[in-house]
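Just so it is clear, A, B, C, D, E, F, G and H label the chains in written order, and each chain counts residues from 1 on its own.
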Amino acid sequence: MLFTKGEKILFIGDSISDYNRAKPVGEGLFGALGTSWVADVAATLEAARPELGLRFVNMGIDGNQVRDLDKRWQRDVLDQKPDWVCVLIGINDVWRQFDSPTRPEEHVPLDEYEATYDRLIQTTLRQARGMVLLSPYFMEPNRADPMRARMDEYGAAVKRLAAKHGLTFVDLQAGWDWLFQYMHPCNIAWDRIHPNHTGHMHIARQFLAAVGFEG
Amino acid sequence: MLFTKGEKILFIGDSISDYNRAKPVGEGLFGALGTSWVADVAATLEAARPELGLRFVNMGIDGNQVRDLDKRWQRDVLDQKPDWVCVLIGINDVWRQFDSPTRPEEHVPLDEYEATYDRLIQTTLRQARGMVLLSPYFMEPNRADPMRARMDEYGAAVKRLAAKHGLTFVDLQAGWDWLFQYMHPCNIAWDRIHPNHTGHMHIARQFLAAVGFEG
Amino acid sequence: MLFTKGEKILFIGDSISDYNRAKPVGEGLFGALGTSWVADVAATLEAARPELGLRFVNMGIDGNQVRDLDKRWQRDVLDQKPDWVCVLIGINDVWRQFDSPTRPEEHVPLDEYEATYDRLIQTTLRQARGMVLLSPYFMEPNRADPMRARMDEYGAAVKRLAAKHGLTFVDLQAGWDWLFQYMHPCNIAWDRIHPNHTGHMHIARQFLAAVGFEG
Amino acid sequence: MLFTKGEKILFIGDSISDYNRAKPVGEGLFGALGTSWVADVAATLEAARPELGLRFVNMGIDGNQVRDLDKRWQRDVLDQKPDWVCVLIGINDVWRQFDSPTRPEEHVPLDEYEATYDRLIQTTLRQARGMVLLSPYFMEPNRADPMRARMDEYGAAVKRLAAKHGLTFVDLQAGWDWLFQYMHPCNIAWDRIHPNHTGHMHIARQFLAAVGFEG
Amino acid sequence: MLFTKGEKILFIGDSISDYNRAKPVGEGLFGALGTSWVADVAATLEAARPELGLRFVNMGIDGNQVRDLDKRWQRDVLDQKPDWVCVLIGINDVWRQFDSPTRPEEHVPLDEYEATYDRLIQTTLRQARGMVLLSPYFMEPNRADPMRARMDEYGAAVKRLAAKHGLTFVDLQAGWDWLFQYMHPCNIAWDRIHPNHTGHMHIARQFLAAVGFEG
Amino acid sequence: MLFTKGEKILFIGDSISDYNRAKPVGEGLFGALGTSWVADVAATLEAARPELGLRFVNMGIDGNQVRDLDKRWQRDVLDQKPDWVCVLIGINDVWRQFDSPTRPEEHVPLDEYEATYDRLIQTTLRQARGMVLLSPYFMEPNRADPMRARMDEYGAAVKRLAAKHGLTFVDLQAGWDWLFQYMHPCNIAWDRIHPNHTGHMHIARQFLAAVGFEG
Amino acid sequence: MLFTKGEKILFIGDSISDYNRAKPVGEGLFGALGTSWVADVAATLEAARPELGLRFVNMGIDGNQVRDLDKRWQRDVLDQKPDWVCVLIGINDVWRQFDSPTRPEEHVPLDEYEATYDRLIQTTLRQARGMVLLSPYFMEPNRADPMRARMDEYGAAVKRLAAKHGLTFVDLQAGWDWLFQYMHPCNIAWDRIHPNHTGHMHIARQFLAAVGFEG
Amino acid sequence: MLFTKGEKILFIGDSISDYNRAKPVGEGLFGALGTSWVADVAATLEAARPELGLRFVNMGIDGNQVRDLDKRWQRDVLDQKPDWVCVLIGINDVWRQFDSPTRPEEHVPLDEYEATYDRLIQTTLRQARGMVLLSPYFMEPNRADPMRARMDEYGAAVKRLAAKHGLTFVDLQAGWDWLFQYMHPCNIAWDRIHPNHTGHMHIARQFLAAVGFEG
């Protein structure tokens, strides 16, 4: 498995990771990790591999775009001195283009998204052991839907960045496409974005598989 | 216009009509009509045609299917002695088939839906001056989506019933298809079902046009 | 219609516009426009003319007088860079003279009202495409009532200012006078100031007619 | 003064008397009389004439019409065995005619009002020492206002009943007309019905004067 | 009467005056005067003498001692520019000596009390038309009770100050002694300090008599 | 000590015992005994004599008079099958005579008090091992105060009953008289009835001494 | 795996299963399964094996003992017609013996526990396809602790019952013993009973392994 | 007894002392001491020795370690000028090592604990009359439990410090060991740390015995 004894693993992103995690730092007692897939990952690894003594920090914040990560990266990521940084960002960068079409200042264009993301990775790799990148997604099986199509472009950018820097990549959009062969998206999320418990477990399982955890 | 001086117009249906209307009877002071399209219709007609003194009652209840209407029709519709009965039902009859696939007892099949609806219409027309039927809908532009396809079958049933009984029919699904030429559905409803203010006004405007209100 | 594709329309005023709009800026998702006539105007135009992609901002604040607008005009109006500015102010300037007669520091005299308003208009027209002015009002049909009589003077001042600067004027007081031919004012507002849903729709319809929206 | 040592004085009516009195019986510790004019009367008499040991019960209920009093008269008045019964009723009998014009079942016509009131008086006088009747009112100085005009008819009926049965009559409408020579009604009540503290004290003072309390 | 047309009357003191008055300034709409005897005085004068247009401000604060008044006198009294200043202070100066005997820093000795009070009066009289001083009190009929005996010393000091400066003095302790001939103190206040409605009205009536209001 | 291994001790009375104990039965986990002297007694005996395994039940109810105990004695005392029954009742029987002088139906006269109490004791002694009676009290050091004088009569009745039936008697009034040599009553209770923590511990210590607990 | 396509799996037990599941039936939308290991099991199977369309119902209730299950077995288990019934009961049967030692009526002795459990199994197997039994546990590594020792006896009883009826048995106590080789119990549960997220995931993983789910 | 007339006794520590005491200073009216053993000690001494007029201050804060005391010692202890300082600290210094094993920055090692504690004592003794030290504890009877074993080391350090400085030492761990001969720890604290009422009384009794209070 990617993670070894005593390492600190930090997760950063938007509401998909947040789910009521403790603020300002999502680590420690009293459910500080919140109730998202991040908590499912941590609970699984603590329960299955207790001898590793891994340390988990959840720094997701509702509504964040890559611009917001950029502003808080020093304090919320680098200052935390993690060994691994796991990023799930981009959904709001795209979503605002469709749910707030008249407010362009809320939209993050693809080139800005990719360039900012790239810079954050470079800064991080000088200090951390590695990173895991998860694709942004939209739970819309119809690839012709304009928001799904746009999201796919942002997901492709993340894939490019992972390849460029040799990082682990988790293709969450592909995971949903597989799952929705068997059920309608409304079974996982009312808004096709925020997963229920089953959806979070689905993300957690893909993440765990990608980092080499074997059950 | 369909409605004339002093008439009582009753609306019945599911959460799309309910939106926090007063219980048990949605009529009277203190915002008793709730905040859905029903309230927009009433406010528009009261403001534009005050001389008519129309009377509005909102009897929608969250989560209702045609089965639920059937159980409460005598008390909630017939006993209210309305002149006009406006019905928007069917969304939950279909939705449960997709968000609760493992619980078939929550699904209302098409034949039961149409037969029950037909019976309610016949009973009502013995007593009321007329009815307005609104199609159930799903704010999914992709007609190949299985839930959209199923909803279209239920909408077609309503259209058949309106034709059979000579009633005014409002094709809300067609209205959304027109609107989503210009915007993404997430601009109107997070879950593609429950409209924001703009969505309710859109329904209200279609209803008003259908009953012959001219601005 | 006055407004064309992609324009930003800002509404400013007192509680009649506010009705729980988002603070500090009343724009965006989650019902940010509140539930007043401003929201009814925006919902109507978005539903009826989606191809225009108009942008709406509600900056009303409970209890404001023209003095309060003056203090926040730069930040709340000019800095927002609207194309159109719609103003409904003056009710509290007059009301305090009658509900707080012993506190003269809360009263805004007519000359100060008109002069301040005039200055705000001049500043705005250097930057915006235009303005819409709505008369302050008191839902008292008896023109001999001292507060109604005083309010009429303030309404006349707004009318003068609209004429002087060639701006669209909406005579809300006249609108109420017409409506109260058919019903008592207590049917619209407990306090003869704050409208219920029907009252807001009535204002919205007059505004829409004045800006040339045709149904 | 009308009341003598150890007597029990019961007040019954609508929201003007209720103002959060204890339910089901408005008597006793912990502010059981509420905060209306009834409480002002009781506090004044207890403070000024403690040697009398008078007993006060407030049985007002929000929204009541004379029909509601009729239904609960046995339990809420007669069973309480008061020496004196003070009645302020009629405001909602008239108000509903103007704020709910389309719902005639909520209106109490003048003849029904007077006949019911007369019957309640007759029943009560068989048992109690006497009654005090207060006129219903509308804080509208304009006597041509249709609701004011209607309310005056109901007030005249109460005056007739007081004369017929030889009871003390308190003309609250006349009291407001006097007061509004000096201030606007909005200084006393937002809705021209529910008084602020000054308004309640004004009612209490008229009541006390009528029953012969001399400061 | 002491007060004449258009004058501003300010009340300052402790919890006996406060009773939930608006902060920071206890004046204006929405029950800003709270529910103490101050509100009863204002309501009585507004209702009985509306032509005077008197202005009332309640600046009492829970738990205050004369030391606290001293600290806030400039902002809360002088800056308000009242014509009349009415003071009820001293209860907490004494009470803490008995309910917090081990904390001497919470006790205000008699000499400090009188000297501070004297200084505040002198400062005020340079600016205001006059003052009304109310004695602190303890609702304990037994004059041998140590707290009652101590309170009587503080009350005597207030009486001396009133005489020295020629100010109106209201002897509230004497008022309670009269009242408790007819009832037990627990009928007015659970803690022998904070009056119920009857107790407040009793204070208000004594105040009104002292300033020459004749019913 | 009176109590021996494995016995069940039940306390019954009014608010002095209740202090938020669990309803309907004040026994068990989660602070079921409330926070009164009953809880202090139980905590002391459990901590000091854990080998006894005593069982404590608190059945006090706010506002109870001996009449209320009579009504619920079968269910709340006898059906609980206690070995010992400890009673503190009478405060409200007297208090209502002074805080509610106009409502005689709330007063329990001395003869009724003593007769009812006597009957409850007789019934109980057929079944339980014994009883402890605590005197009602009023924290008024002045024995000439009418409520103190009356309370002393009720306390004397309890003493008579204890003597008649050979039961342990705890003279709480004497305990307060001793304590108030050193402090003012307002240091223990705002209303001279409901003790603070020190007051409850004072009652508990007297109870423990009376039943023979030696530190 | 034990479960096959379309089967309904019901979980019943105490607070360890409950964790805020929907009442009266823990099935359906809006997080009806609560947040315990039951929800983790369901989320894992739905995410990993969506093609099976399994149906999950959580019927755990806080504080239940086997006696409580017995009372509600017909309605809460048999009437639900499950294919599989999974039971985790016994913790409270033992716990009350140690946290409520003086209340024997709250203790369930071992023989009653085993006999009742046996009867429930026999009744169920007439109708369901099978059952899964989970051992009760106490997160105390010290086997000499009296509560741990007692709990081990109840766990052994469950193991006997599973063997007798040929049912799948999950030895949760053994699972904790393994886990606490690597961490202190206070890392999983403050009270050594109610697991945090990691503890629930640990239970869920053992359950999934026992029913033959392979990752 | 250690404490004499008029002395001020300050308690400082963690949540065991805090239990909702007033902030920032835990002294005075309205239950300012909270509901922990500190309040039991104060209530007992005030009730039993009222002539001493002792003064109690509770400065415990939830979650504190000796590091936190160090930071606030000047303001929260020395500036309060107590005669006696009673300290119960160390539980969280140890607990974090076991409930947060992956976060070493939350652990206070033994040498730092003892050195800091020693320094605080030296500083205090320059100013106060004396100190009372209470051992930290863990309600785990099994001395082989790693957290109990570690806590015993910290308790031994406190014992050493008391001996070194000639201070009164209260061995709370020994007190629990005695008590748990008769009951299981879950009868006193769910988490083996935070006592119920009986546990607090048990601490208070040991403290009182140690300072020489004789019942």
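One rule holds for everything that comes next: contacts are C-beta pairs under 8 Å (C-beta built on N, C-alpha and C of every residue); 3 or more make two chains touch, one makes a residue touch a chain.
On a predicted model such as this, the values are computed, not experimentally measured, just so you know.
Student: Could you tell me which pair, A-G or B-G, is linked by more C-beta pairs in contact?
Tutor: The greater number of contacts lies at A-G.
Student: Among F-G, G-H or A-G, whose interface repeats A-C's (more than half the contact pairs identical)?
Tutor: Most of the contact pairs in A-C are shared with F-G.
Student: What is the distance, in whole Å, between the centres of subunit A and subunit B, each centre taken as the mean of its C-alpha atoms?
Tutor: The answer is 40 Å.
Student: Subunit E to subunit H: how many Å between their CA centres?
Tutor: Those two chain centres are 45 Å apart.
Student: How many Å are there between the centre of subunit B and the centre of subunit F, using C-alpha atoms for each centre?
Tutor: Distance between chain centres: 64 Å.
Student: Taking the mean of the C-alpha atoms as each chain's centre, how many Å separate subunit B from subunit H?
Tutor: Whole-Å distance between the two chain centres: 67.
Student: Identify all positions of subunit A at which a residue touches two or more other chains, and write them in rising order.
Tutor: 53, 99-101, 183
Student: Show me, using the given definition of touch, all chain pairs that touch one another.
Tutor: Pairs of chains that touch one another: A-B, A-C, A-G, A-H, B-C, B-D, B-G, C-D, C-E, D-E, D-F, E-F, E-H, F-G, F-H, G-H.
Student: Can you check the complex and tell me which residues of subunit D touch subunit B?
Tutor: My answer: residues 99-103, 106.
Student: Considering the complex alone, what residue numbers of subunit D touch subunit E?
Tutor: Residues of subunit D touching subunit E: 31, 33, 35, 39-40, 42-44, 46-48, 50-51, 53, 179, 181-183, 196-202, 205, 214-215.
Student: Under the stated contact criterion, what part of subunit E meets subunit F in this complex?
Tutor: Those in contact with subunit F are residues 95, 98-101, 141-142, 144-147, 183-184, 186-187, 190-191.
Student: For subunit H, which residues are in contact with subunit E within the complex?
Tutor: Within the complex, subunit H contacts subunit E at residues 6, 27-29, 53-55.
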